[in-house]
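Next come two complexes, and both contain chain A; in the first it sits with chain B, in the second with chain C.
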Partner chain A sequence: MERHYRLTRRFMPGNRMNRRQRSAVTAVLIAVLLAAVSIGAALLGQGGLNTHLDMRNLPPSAMHPFGTDWLGRDMFTRTVKGLALSVRVGLAAACFSAAIAAAVGLASAALGKTADRLLSWLIDLFLSVPHLVSLILIAFVCGGGMKGVIAGVALTHWPSLARIIRAEALQLRAADYAHVSRRLGKSRWWVATRHFMPHIAPQLLVGLLMLFPHAILHEAAISFIGLGLSPHEPSIGIILSEAMRYLSAGLWWLAVFPGLALLVVVRSFDRLGEHVRCLTDPRHARE
Partner chain B sequence: MLLECRNLAYRYPGGPYVFLGVSLSVASGEAVGLIGPSGCGKTTLGRILAGYAAAAEGTVLLDGKPIPPKGYHPVQMVFQHPEKAVNPRWRLRRTLAESRMPEAAELRRLGIDEAWLDRWPHELSAGELQRICIARALGPRTRFLIADEMTAMLDAITQARIWHAVLAIAKERAIGMLVITHDRALAEAVCDRVVTWDRLSIG
Partner chain C sequence: MLRNLCAFAGWKAIRLVLLLAAVSVISFMLIEWSPIDPVQAYIGADMLRVGPEQREAIAAYWGLDRPPAERFFKWAAALLQGDMGTSMIYRQPVSQVIAERFAASALLMAAAWLLSGLVGFAAGVIAAARRGRLIDRAVQWICYTLASTPPFWLGLLLLMTFAVWLGWFPVGLSVPAGVLADQVTLADRIRHMALPALTLSVAGIAPVALHTRQKLIDVLSSDYVLFAKARGEKGAGLLLRHGLRNIAIPAVTLQFASFSELFGGAVLAEQVFSYPGLGQATVEAGLRGDVPLLLGLVLCSAVFVFAGNTMADLIGRMIDPRIREGKVL
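Then we have the complex of A and B:
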């Protein structure tokens, strides 16, 4: 038994890590991957985006791992740069959205009954409209472009998170320890920042990370239908939308690699959110 | 110092009176037991005295003056369920330091192990948590302590240890105590005088 244990430890070092450590390692790896995409895009330079009419429509090879398009542009460069752009747009939109959600949720719980009723009504109103419709409208009103996409996603995605934050804050406000803290002479503000924030911050962080893939997908969708980023910016949505025209001509690599890359990034953010939630819960602290 | 309440009445909004005309006084250094059946309003009375709830009628006075609603409340309360009275996302050192950090001797006296302070609340038993809550409630500016079924969840030996320590500290610092319980034997063992609820309320 002892020998078996030693052997396992020796040859399967992964076994020594518990769930929490694995979570932490995975979260860091995912963060590194996403950072690598952004940094890689900056390092790749503009060379791959130039047209080379003598190298049109090449299938994937060692020189062009994702092939080239109908203008001879390197698809690998375009994909990485497109991903980086999507990640930037997604991050900005998710941050704005989470900020709105936090403000509305906390105000709803802190400002009294009338404010709560009003804000709940606002949340319900936003949730009752299909968000893709309002997203398209807002992006259209803002005149398209990066600003339109960010504003559209930020303004349509806060209600569900705001509802979660509000529920959490209402529950916290009724907690015994919050009342005890007030009787110990602490101010309302002190209680909110010291007692409530540790509960709300993980929700907010996880909510932000979960909004991220949404934001990226919506950016791609809006750009796909032509209301998003301008065509010379290589975002994933534009790449996919352009690739559609060449799919029937047999140029499968134009859509498959950027599409897969988008899926990987979106799934990575999803996983990152789950791991962060697990790591910030003190119930898992001693694992 | 004297903590007194005169003609207190309480009711939930729109409901009938839970109790009416309750008058009670506790002097510094005195331990008063309050016994009564379940659901009669003992805890609510404690909450009103400690500033957690507002009475529908009547007044709570400390040395003849009303207690200011802001700042450290001189009447502190220890609840029946300690696990709800501590923030689950704070380590216990922080919870304890919310009133002030007691000296090592006082911690030992209440049976608190220094090692507990670096743990999370879910890693302690209810009895251990209750000792933390008692230590927190016994801050330097506490003049009266309301013990609401403070040791109901503990075994007899631990109960005895905690009561010995709390009563000794209360006598030393002249803290008045209101011991709310349904256990007459306990009340008679630890209190200077015992009040029965039906003598107190006409509700």
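Then we have the complex of A and C:
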């Protein structure tokens, strides 16, 4: 890191960015990339999705960078549209999940010891069954489809974030101003929203960003299994499970590129979360 | 010591009973709320030939006309006697299906678990020992990338490369097709298990490697390591004496506590390689609406995760006297 920094200083004397600024720039660039995927999917149009039976199973070329599938559809168009769908579903699920986590975390700090014990037990309970198994159960109960996926991912991912928020809010409860507020007759709700909420907001934002990668991966997994989105809504999971049938025929590009694209998007979300965490963390502010 | 251990076991047993009770109540309620009509699911494709009277007869036969609370207690009472019902897709008792498949899955998961633990631990130690160098950055980069990789896609890539393209390993199943059960050799089983186990273990490397790296860095920057260096210790001896002893316990604990991810990964790996284990049974039960099997598997996976966490606690207590005496670390 140090060496890299000196090199940039030497070769770009006008560039006086410190680590935080570079972090901010990287975060913005990643956000732009992710926005470009979503907007690009809308701009691409339906042209690439038409079936061209004379252009079936073409390997990657300049015209079709990701090749074409067994119906002659352009895999690049399918991949970008699938990614956008995966990102949308992941976004919705992560938002719901963060909302549950915030509610549970705040409630267990604000409502007193009994509620705290009960909610902690609830958190442990949700962590006691593997995510994917409870996801399958919830998706099955909802009868599959987008609703089931969003509900399943949202209901399985909140406990770890709720734990973090609970710990943070418990610290705040011990603070003097929280005690004083209660003694002055403010309600628990008032203390939770006015005193706890502003403090945990950055944590919540980072937690939300860190939930995205997991939410997207689990959405893809449950769709891949066949319990998620229907084949009419081709997210990456669906594309990959369809590609599996053509693997033995040697159509490697059907699986490689969509999966790689998903990996890049998930990794970008992960980096974005990491950079935002550094930016909001006061311990990094001195640099 | 013995009394302590008994208290620990008793406490754990109470927790397990509470956990299973809660999981079964919640799962039962979820299934109850679902828009899926059990009679419809039972009839399946014959719906045109079944009239309303017959539907009522089926509902009465299975006790579906009773209130939910009564049905729950009937189900729970049967469960306590070890009867988990009959799987609709396999036409066998659920406990038998789970027992058969657990044997196959346990082998797969144990192999993957050991492999990921060893490789992850070694990678973490190397990265921390060479902190800031190229190899450290490479290990970190690879770990973060692996953590973002969809495990089933990794399985597809391995399948494509080693089974379809190079032909080194079979494409799926746990034993060769068309061979009698008593003629299947151990080598056959290992060959069929290799790719799913590899997929599953690669997915588990990242957490243990990153955790080990961080712990070892913390240890290496501590005062006693500084003092050891001042006394003239260096290299592998220093690492072995002061580093590895301190980081071994958290790594083992973490690996035992990762049973939940292991089970989830097994679902995907088994699905890609058509490996007949618990994971594949879970997917089949979900896809084809086999409620008794699904409920049985949910409970089974909860017990599995609980066993992992308990072992993590137990090993921590056995090795580390500070945890045993109830001191907070």
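Definition applied: the second predicted complex is superposed on the first by the 244 of 287 C-alpha atoms of A that agree within 3 Å, B and C clash if a C-alpha of one lies under 4 Å from a C-alpha of the other, contacts with A are read in each partner's own complex, and residues count from 1 in each chain.
Please note the rule applied: a residue touches a chain if its C-beta (ideal position, glycine included) is under 8 Å from a C-beta of that chain, and two chains touch if they have at least 3 such contacts.
Being a predicted model, the structure only gives us computed values, none of them experimental.
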item	value
Partner chain(s) touched by A:P282 [first = chain B, second = chain C, both, neither]	first
Which of chain B and chain C A:L227 touches, first, second, both or neither	second
Which superposed partner A:L111 touches (first chain B, second chain C, both, neither)	neither
First (chain B), second (chain C), both or neither touched by A:L132	second
Which of chain B and chain C A:K186 touches, first, second, both or neither	first
Which of chain B and chain C A:Y177 touches, first, second, both or neither	first
Touching partner for A:H199 - first (chain B), second (chain C), both, neither	first
Complex contacts: residues of chain C adjacent to chain A	19, 22-23, 26-27, 30-31, 33-36, 132, 144-145, 147-153, 156-157, 159-160, 164-165, 171, 259-261, 263-264, 267-268, 271-272, 282-283, 286-287, 289, 294, 297-298, 301-302, 304-306
List of chain B residues in touch with chain A within their complex	50-52, 70-73, 76-77, 79, 81, 84-90, 95, 98-99, 120, 122-123, 136, 139
In the complex, chain A residues that touch chain B	175-177, 179-181, 183-186, 195, 198-199, 282-283, 285-286
Contact footprint of chain C on chain A as seen in their complex	1, 125, 127-134, 136-143, 213, 217, 220-221, 224-227, 236, 240, 243-244, 247-248, 250, 252, 255-256, 259, 262-263, 266-267, 270
